[in-house]
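Each structure below is given as C-alpha cells.
Two complexes are shown next, each including chain A; its partner changes from chain B in the first to chain C in the second.
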Partner chain A sequence: MTQPTDKKRTTRRRFLAGAAGLAAAGASSARADNAKNLPPNVADWTRQLGEGVGVRAYGNPSKYEKHVIRRTVPWLTATPESSVSFTPLHQLDGIITPNGLCFERHHGGIAEIDPNDYRLMLHGLVEKPLIFALDELKRLPRVNKIHFLECAANSGMEWRGAQLNGCQYTHGMVHCVQYTGVTLKVLLEQAGLKPNAKWIMAEGGDAAAMNRSIPLGKALDDCIVAYRMNGEMLRPEQGYPVRLVVPGWEGNVWVKWLRRLKVGDQPWFTREETSKYTDLLENGKARQFTFLMDAKSVITSPSPQAPVKQKGFNVISGLAWSGRGKIKRVDISLDGGRNWRAARIDGPVFDKACVRFYYELDWNGEELLLQSRAMDDTGYVQPGKDALRKIRGVNSIYHNNGIQTWALKADGEVENVEVG
Partner chain B sequence: MSRLARLGLAVTLLFALAAPVRAQVKDDTPRNYGVGRVATPGQIAGWDIDVRPDGRGAPPGRGSVKDGEKVYLDKCAACHGEFGESAGRWPQLAQGKGTLASHDPVKTVGSYFPYLSSVFDYIRRSMPFGDAESLSNDELYAVTAYVLNLNDIVDDKFVLSKETWSRVKMPNQGGFFDDDREKTEKAFWNSNPCMKDCREPVKITGHAQAVDVTPDEKTQKRGVE
Partner chain C sequence: MTQPTDKKRTTRRRFLAGAAGLAAAGASSARADNAKNLPPNVADWTRQLGEGVGVRAYGNPSKYEKHVIRRTVPWLTATPESSVSFTPLHQLDGIITPNGLCFERHHGGIAEIDPNDYRLMLHGLVEKPLIFALDELKRLPRVNKIHFLECAANSGMEWRGAQLNGCQYTHGMVHCVQYTGVTLKVLLEQAGLKPNAKWIMAEGGDAAAMNRSIPLGKALDDCIVAYRMNGEMLRPEQGYPVRLVVPGWEGNVWVKWLRRLKVGDQPWFTREETSKYTDLLENGKARQFTFLMDAKSVITSPSPQAPVKQKGFNVISGLAWSGRGKIKRVDISLDGGRNWRAARIDGPVFDKACVRFYYELDWNGEELLLQSRAMDDTGYVQPGKDALRKIRGVNSIYHNNGIQTWALKADGEVENVEVG
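Coming up: the complex of A and B.
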C-alpha cells in the first residue's frame, strides 16, 4: 500500500456530503418517520404475521442495516485480490466483531478450500513429520480465546497527516473475535521438536502462499491453530478452514488457509518480513520483526461517519487494545489532549483483546477536539502522533498507534484532524 | 456385561454420587494423542518450497540473465514494466537506489530487499500473480537473475544457480535491525501520565476534508440482500 499522495485520486467527492445536519434536542432523527406506525396508530408488523422459522435458514441482519458493511478504498491497491476491506467500527459496539464484518486482507484472493481435502503439514526440525486432516485437528484438545487482530498497516495512511475521513478507514483494520482451536504447542508436541529448533515458518495454502517466521518461544506460548471464530467455522475470507492465531502480534503473521508449519533454527527473511512489514525510519534503516502491536485506542462514535445527531446527553464510545497484555485504563480528552479524564470500561477485559469504553457527557454544541488514550498493564501509554513521528518518522507505513483526534463541530459533524 | 464389569460400574456410580462435583482440569503435560499421520518424503517434497538466505531449500536448476529476459517480458512485464519500473499501479521492481532516507522512499528489489532468497522464495511461491507456482525451476532462476540484472546487481552474463547463489550481494542487506522499541521508545511507558494542563491550548493543523481522498459511498457494495 502506498501513500495516497502518490496515487491517482479516483474518488474525490466527500464521504459525508449531504449528511443531515444537527437536529434540535428532542426531535427525531434525520429520516422522516411514518406516522402510521407511531402511537396512537398500530403498525402493520403488530397486526400481521411475519415470516416463519426456517425461511432464514442462515440469518442475515435486518434489511434496515444494509449500510453496515465492510468498505474499501479503491485507489489504495492495484487489484482487489491483493487488497483490504475495512471493519465498520463506527457502526459496532461491545468487544466482539460479527464474523461478516471482520476486515479482510488477502494477497492472492480468497482461497475456497474443500475441508475434506484440507491438510496441514508439520515438518522440519521435528522427530516425526506429520500431516493432519481437519477432522484430526478437531479431535485434539481445544481452547477458546478472545483476541484482537490488527493489521500492522492499520492507520498507515495517517503517518503524514489526517487523510481519511472516517474511523472505518483510519482504524478499521482491526477485529476481535473468539477463536476455537488446538494450541500450536500441542501440535508441535505431536511431532516432537529437535533440540536446535528455534523458529517456525507458517505458510498459507492460497495463491499467495504467504509465509512468515515466528520465534519458537511465541509458538509455544499462546499461538492457536484455529478453525472456528465466534462459534462457527472460520469464514473463507478469514482462512477457512484453518488459520494461525498469534495473539497480540501483527495480523500478517496470523497466516490464513494454513497449509504448512516448518520448524527451523533461524528466521527465513521472507519477502513479507523484509520488503513488507518492516518499519522504515527517517535515517533509511528499517526495524525488522516488529511483531508486537502497541497499545492503541480510537473513539468509534462520534466519528466522521457517525456524527452527533442531538444536543444534550450523549455517549462517547470507543475501542482499545494492546498486544502486550490487558488494557488497564482509557482516558478521554475533549480539548485535544490538554486535559484528560478516565473513561468507563464496560464488558470483559481479556488479555490481548479489544475492550469497550464509554464517556458520557452533556453536549451543548460547543466545538470539541476528542481524543482517547489507552494504557495497558505493562504501563505502556498510547503516545501522541507527534511523539511517535519523532522516533518513527513518517515513512514507516506500519505500526501507527498514535492518538487520534476527531473535531466535533457545532452542527454535530465530525472531522479527522491533526492538532499541534 | 460380565459380573466384574457390573461391579466396576456399580463402584463408579457410587463414587460419582458420593464425590463432590469437580470439573476436569486441563492437563498440560505433553502427550502423544495418536492423531495425525506421518508425512512421507514424497508428500513433503511437493510443498517444501521455502528458501533461506543461505540458499537452503533452493531447487536444482539454473538460469541466465539472457533467458530471464524472455521469461520476464513474457510473464512479468505487463504488470511490473519492461524495466521493472511498474506498468501503472503494480509494484515497482527496480530503481529507487538512495531513496530510503528521503521523503519519498522507493522500495524495490535493488533498493530494499536484504537477501536474494527474499526475492527468489517470493517469486517461486506467488508469481506470476494469478498463475502461482507455474514457472519451471530454470525459468525461476532465469527470471530472478533478470530482476537482479534490472537492478544492476549482476551483469548481463550472469547465470544463477545454487552454485552461484552466494555471489549475489544485495545492496541493502545491512539496512535492517531487530525491533528495539522497548529501548528506544522507553519514554512511552509511564505509570502516571499527565491528566491536567498537559500542553498549551491546541490548534487544528490539518484537515482530512482538505485532502479529500475518502471514498464515496457510491464506490461501495451494498449489504446482504
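Coming up: the complex of A and C.
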C-alpha cells in the first residue's frame, strides 16, 4: 500500500470526525425501521442458522447483488447473435474481472463445443501440418499471464461527442483475467515454419467462422493458445474450450472457439479486416491492420451509473491499460483538463494488463469535470478526444482512446459530457 | 515465460514427433463416430447460429464443466452448517481461484446479510468508538491485494498417514483471490488506540458469532477489512458483505460477516482459540495462537483425481504458498524425496499468495513417487511429514504442511501414499 501523504491523512481525519460515534449511531438506529439489525443489537442473521455447505457446489453472488450484470443495448445491432454485452465497470474494483461479468462480443452467437470433439488444425506454410485435441494442448508447457482484452470498438460511440451515459456502455468492452495455455510459438515450432511464412490466419469454430490475419512476428512474440481464464476452463462466451490471446491487440483478433491456424506469406484480407475493423479517415481512406490498443483510462466511480452519495471524503476509482506495455502513471483532473495531479496506482502492474488507480477527494459539493489520463512505459500519453479527431476525423468506429469527461453535479449525479 | 532448456526442448520435440499429422488424423477421424466434427470437416457448431448476448447476464461455466465443483465429505462433521466444502484444485490452474469455487468453512451456516442493514462496530480500548455502514467503509482509501487463504485444518487428516484420495480433499481448503478493502490500520487510527491496547477481537455476524483474538501488531501491519474478491462484492459464503483478511495466517481468524472489532489488552480465549484451533502435542500440552501458515505445496496434477492419460510428454502442475512471505523456489522429486530438481514457477509471485509451478516430464510408464517442496524468501523449507511428526506428534488436526506424496502407477492412476 502506498502511504497517504500528510495532507491526505488530514483530509481523512476530517472525514471521520464526521462519522457516527457509537452512542450517536445507537440513538439514530433506535428510530430506524431496521433498528433490530444494528449493533449493539444482535441482528436476525445471527439469531438463525444459515445455509450449509454443499447447497451451492458452484457459487454465485449474493441475491443483493442481482443488479451487477452485463448489460446490452438492444438497438446497437440487428440481432443478439451479432452483438455486445458490456462489463459493469462501475460496480467492480481491483484489476481481475470475474469470469461471469466479462463482456461478450459475438458474430454468430456462442458456439457450443463438446471438448471431446474439439480439434485445432495448424497448417499452411509449415513443414508438418498438425491437429491437436484439447488433451494434447494440455500436455504442452503452460504459461500464466494476466492481460486486458479490449474490443476495438470500445468507446466507438464517443467519436462524434458524448453519447451513452455510463462507463459500462462507453468503456465496458474491456476485461482483465489470468489466462493459462500454451504459447503459439511452441505450436508453430512443432509444425516447423517454411522460410516464406509471414502471416497467420486464425479462424473460429463459431457460425461466423470469424477469421483474422496476424503478422508472424506477433504470433511468435507473446500470443497464447489459451484454454483457461482465472483458473477454470474458458467460459462458453469467451471461446470455450480454446481461444487465441493476442496481448495488447484489439479483441477482434483474439479469435474464440479457435478451430484453425493457417500460416501464409501475406494477409488474407478477410471480411473482418476489410469491411470491418478498419479506421475510416476524414479523406475517405481507411487505416488497416491497426491492431494495437493504445494507452487508455476511465474513471469507473464516480460515473453516470455510480453517482456520489454524499459530500466529504470520497474515493475516485478507475482503470488504466495500454497495449504497448505497462502503465507507468495515471493523472486526474477535476477541472476538465486544465490542471492535473497524480493518481495513486494500487495493486499489481503487469505488462498489457489493467491497473487500478485511486484519487482520494474531499468533495465540498462544487461541480467538477473529472478526467483521467494514462501514460505507459513507452512514454505514450493518452490524448484528448479533439487531438484524436484532428488526426483521425469522426468517421471511425474503432480505436477511440480519448480522455473521457464526467461532469459531477452539485447533487452528486454524474453526466457524460464533451470536453476536448 | 521462462525459456525451456535445450534438454526440455528436445523432450518436447520428441513428444510431438508422435503427435497426429494432418493426413493421419483425417484418416483416423473418418472411422470415428464423431468424424463429422473433426477438421477439415466443418463441425455442427459452425453450421448453426449460437446463443446470443443478454441471455446470461451473469455467466456460468460450460455445461461440459459440471464436474468442476466444490465437494463435501458428509461424514466429516455432524451438520452441513458446521462443515467444509473443498476447492477442486486438481481441475484448476494459474493462481486465481474463481469465486464460485473457493472452499467454504462455516460454523453456523452462511449469514444472509442485507448490505443496507450491515454495520461494523469498532470499540473497546479506543478513544472514540465507531460504527461503520458499508457505504462508509467504501468511502475510505482502498487497497488491492492478492492473498492465499488456507484453513488451519487443511491436510489435517494426513497427520496419521495417507488418508483421503485426492488433492481436493487433502489440500482443497486453500484459495487465492484479489481482495479490495480498507486497511484495518486506517480504521484503528480513526478510532484512536488507547495506550494499553494490545489485542483485537474480531467477531462474525453469523449464527456462531465466530470470534478470534488477533495481536495488535498484525492488525496494524497488513490486515484488510475487505468487501470485494476478484473485483466483485464478496460471495455470501465468503462473508458478504465484509470479512477480515489476515494475510498468511490461518483462515479461522479471517472472520467472515464481520460484525465487531473490539480492542483489548489481552486475548479473549474464545472457544475457537481454546477448545479448537490449538495444536495438541505428544506430551498432552497444546500450542495456542499458532496463527502462521508455514510454506506448503501440493502437486495438483497428476493427482488421485487427475490421473495421467498417456505416456510421453506430460506437465506436472502444482501450487505453493507461504504465510511468511514470497515463495522463492519449488522443488520436485520423482522418487519419494531422494532426488530433487527445481520446478519452473510461472506467472506472478506475490507476498503471501499462491504461486503456480510446473515440471515437464517425459513419462515412460515407470512408477514414480511424486513430491513437491516449497521454499520461501525467509529461507523456510517445507518439511517432510515424519520430520513434522517428530516435533508435533500425531494428535493435532491443524497446521500440517508436510510434503505430500502421490504414487504414480504404471497405468497412470495416482494414489495418496505415505512416504516420510
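FYI, the second predicted complex is superposed on the first by the 385 of 420 C-alpha atoms of A that agree within 3 Å, B and C clash if a C-alpha of one lies under 4 Å from a C-alpha of the other, contacts with A are read in each partner's own complex, and residues count from 1 in each chain.
Here, contacts are C-beta pairs under 8 Å (C-beta built on N, C-alpha and C of every residue); 3 or more make two chains touch, one makes a residue touch a chain.
Predicted model only: the values in this text are computed from it and were never measured.
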item	value
Which of chain B and chain C A:Gln190 touches, first, second, both or neither	both
First (chain B), second (chain C), both or neither touched by A:Gly94	second
First (chain B), second (chain C), both or neither touched by A:Leu220	neither
Touching partner for A:Trp75 - first (chain B), second (chain C), both, neither	first
Touched partner set for A:Gly336, first chain B, second chain C, both or neither	first
Chain B versus chain C as contact partner of A:Leu361, first or second or both or neither	neither
First (chain B), second (chain C), both or neither touched by A:Arg139	both
Which of chain B and chain C A:Asn416 touches, first, second, both or neither	first
Touching partner for A:Thr290 - first (chain B), second (chain C), both, neither	first
Residues of chain A at both interfaces, chain B in one complex, chain C in the other	4, 12-13, 15, 60-61, 65, 68-69, 71-72, 79, 81-82, 100, 108, 121, 123, 128-132, 136, 139-141, 186, 190, 207, 209, 259-260
Chain A residues touching chain B - in the complex, by the definition given at the top	4, 6-7, 9, 11-15, 60-61, 65-69, 71-75, 77-79, 81-82, 100, 107-108, 121-123, 128-132, 136, 139-141, 161-166, 169, 186, 189-190, 201, 203, 207-209, 211, 259-260, 262, 264, 266, 268-271, 274-275, 278, 280, 282-292, 294, 304, 331, 335-341, 369, 373, 375, 378-383, 387, 391, 395, 407, 415-420
Partner chain A, residues of chain B touching it in the complex	26, 30-33, 35-39, 43-44, 47-50, 52-53, 79, 88-90, 100-101, 103-105, 107, 109, 112-115, 117-119, 121-122, 125-126, 129-130, 132-133, 175-181, 184-185, 187-191, 193-209, 211-217, 219-224
